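Each structure below is given as structure tokens.
Shared chain: chain A. Partners: chain B in the first complex, chain C in the second.
Up next, the complex of A and B:
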């Protein structure tokens, strides 16, 4: 029995302070991303969500170059990115191009910053790929508080947000400030993505944002069930990924360990694919919530 | 006085060797070819709302390049395999689920695999990292030939699919009723984007090669509404942007992607502003006319 236990949880897994920090921070990120992600998927803003993480990375590269901290760079650039995408892409059919061009502009600068950074440190890997194990424990309380604040704001915004996401026209007719609520959600998305890009690298943040949420929306059409399910699936993927990354230290090539991002993105993709084995809520493969949204548009 | 000033300007912009070094001649030739392909494919990418796919495939291709570096294979081979494989994967999984979700997840997993390959490399994988930023000095003669062949292939596919693509994009229902397979068309178009990506990334870099697919076509859409003309304008803007990018990258040694992205965004902003102003003048005129 202990043999199996030790094979799954390699020696020192629970005692290691870096692992503890990674489990806690990864958990915070997974829950926040899962909850925000349900609305991101529902509103078709996956590209915007991904673009923000790239732009946050550009900001971090700039901040590192200027001698600042990555936190400030990530959060400020992803918020600025969210605001510009929201302002430029008012009509849905403009949104794709608007996101692409804002991303081009910011990533252009970012590639210049990264290029200068490479002359001193191996910044591209750190910023793009990140690692849960290397995050600064001193930031943990602040990042946890930020995550809690985002969730609280989402809870306050919940009713109008559901309304404008599912039937924007009716919402407008009933006097709900559709643009303002949409803008507020974009800010929350930017904060969530900026935070998770900082902790887990910009590539993982997209995975945790849309993977668990899309799986949850496939399984249940009710948002009140989908949100906790998305958070749970994100948590599962993150913790399993951390465990495997820790164990992989004993896999070839020995003594180095495989990157945690590889495991988490793989598990999240697997969760998404498994969820698609579930019969869709209707023939057309969309959930009831999405159908209502389509009728609204 | 004026003459020497102009002369100094000219030597600053067109630094010595820009056109005489053989590697630079290769870069100009390759660059022009890929800009033509991107300008053309970009028109359809914009029409079909494929900006996210255009952004994702280069990064997935980058993961393949990192894997090839680890296995001591040619990075360009890994790049092509992964960007075309990524296109097929997105096309295959894209049915019955939200397209943007599938792109995002395949992208994340592709990059996760890239992180794994990078971590397997014992030393700093300079060959892979240079593909992130792009390079104008490393284009060999045989690569120009490869680029030209792949470009020909994608242009031939685009020419062959021109009518069905336009038809299916403008009215998918009636195209399907007429027997056009939307799913097949979609997968083929993604593969074209994958091929365009594979030849663009070595010069422009994986981070920004999508800007050539998105920017010039978006600018062209503000300047004309006729498909043939829009493609022509998009190709011209794309070629000009890449030429400026290559020249400035040669002068400064900075990454070419940065310059290409900046020029593309500038061109788009000018086209959009110009179109808005022209539209306003037109409206003012028609108001006067009706009075």
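Up next, the complex of A and C:
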């Protein structure tokens, strides 16, 4: 028994302070991304979410050049990106074009920042592929508080957000401030994306945002089940990824752990593919699992 | 539907309502006085100003001039007195909401936070679902329902605030003839049972002939209101359109035919979905 345990959790896994920090921070971000992700998928804003993380990368490069931390750049630039995507276009076609053009221009700026930054070792790698194990533990309480604030704000926006996502005309007629609620969600999305870019890198943050959410929406037809399920699946992917990355230190080539982002995105993809095997809920709202459970009772 | 409209309390009053978009006049001096429990069909070809009038009634668009009063008060957006059923909503098959969730949005979707499910809330939603014969759809994912079923849920959603007026925007346009007939019958029953004033927008008056108390016929931004037999007459509609049109009554259907060849194309556009073999219908 201990042999299996030790084979799974390599020596020092739970005692290692970097691992402890990564488990906590990764957990916070997985839960926030999963919850926000359900609404992102529901509102068809996956592309906007991805654009924010790309622009966040340019921000992170700028922050490193200015001698700051990557996380400050990620958060500020994804918020700016979110605001501009929201303001630039209301019609979907305008929005796509505007997002695409602003996105590439800002990425170009990011490449310039990286070119000038000669001090930070491995800056492109940190920005694009994440730095969960090397994240400054001093930032963890702040990032946790930010994550909690995002979840709280999402809870407050919950009903009007569902209303405007499903039936904007009726919501408008009922007096919901449709534009303001949509804008507020865009801000929350930007903050969630900025945080998750820190974990798995800007290129891969979309994985944590929409992977667990789309899998959860496939498995259940109920919003109040989908949200905790998405958070749980994200948590599973992140923690399993951290464990495998830690264990991979003993895999060839010896003495160098594999990137944690590789494991997390791989596991999220696997979760997504597994969820496709599950048949969609029927007209009566039961998934196969729920029907089986009912028969069992 | 035996009492005359003017015997009832006035619910909705429009006085000289005009809407201009730049140089273009979309609504021109509309006067309407509508009573409690009336079933009104708002009929007119595409581009006649039906959607604009609905926006004015919902308080979403302030008229350029004139006044709109609901129960004696100036209209405002978000009023619980008006229930609104949108034309259609786009629901992905995977939408993670049940019929009950969708209907519940009508009660408290505009409030912040989560819905705290009390017995009172549940009973009101059950009551609205019963009113539209959709109790069996309560647990169904809304994205998997047919257009007619979604329509019924949207009507239930609009009923939750116990409105005095129900505005339905083209509820029949995406439905097959059988579903359309069911929706009309359902709305008429709700109007009768709850004493709700109904204003149903359509470009074809024929499905509504049995249930309408009065018709509001809208064309080129002008409106005529009255009983169908008084309004849908060749001379009245010719005056409204500004060129000769002819009203044909054949069996139980009414066809409005454009009098000029040049207008025929417009006419066909206006009624193409419900035009079965006729030249053109209203």
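Keep this in mind: the second predicted complex is superposed on the first by the 275 of 297 C-alpha atoms of A that agree within 3 Å, B and C clash if a C-alpha of one lies under 4 Å from a C-alpha of the other, contacts with A are read in each partner's own complex, and residues count from 1 in each chain.
Here, a contact is a pair of C-beta atoms (placed from the backbone, for glycine too) under 8 Å apart; a residue touches a chain by one contact, two chains touch by 3 or more.
Predicted, not measured: the structure shown is a model, and the values here were computed from it.
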Simultaneous placement of chain C and chain B on chain A, clash or fit: fit
First (chain B), second (chain C), both or neither touched by A:43: neither
In the superposition, chain B vs chain C on chain A residues touched: B
Chain B versus chain C as contact partner of A:99, first or second or both or neither: first
Partner chain(s) touched by A:169 [first = chain B, second = chain C, both, neither]: second
Touched partner set for A:261, first chain B, second chain C, both or neither: first
Lowest inter-chain C-alpha distance for chain C and chain B in the superposed arrangement, angstrom: 7
Where chain A meets both chain C and chain B, residue numbers: 218, 280, 285
Of all residues in chain B, those that touch chain A in their complex: 46, 49-52, 54-55, 93, 96-98, 100-101, 103-109, 111-116, 118-120, 124, 129, 132-133, 205, 207-208, 210-211, 214-215, 218, 254-255, 257-258, 260-262, 264-265, 268
Chain A to chain B touching residues, read off their complex: 41, 44, 46-47, 49-51, 93, 96-97, 99-101, 103-105, 107-112, 114-115, 118, 122, 124-125, 128-129, 201, 203-204, 206-207, 209-211, 214, 218, 253, 256-259, 261-266, 268-269, 272-273, 276, 280, 285
Residues on chain A engaged by chain C in the complex (per definition of touch): 38, 42, 155-160, 162-163, 166-167, 169-176, 217-218, 220-223, 225-226, 280-285
Chain A contact footprint on chain C (complex, rising order): 58, 60, 77-79, 82, 84-87, 89, 91, 93-98, 101-102, 105-106, 108-115, 139-141, 144-145, 154, 157-158
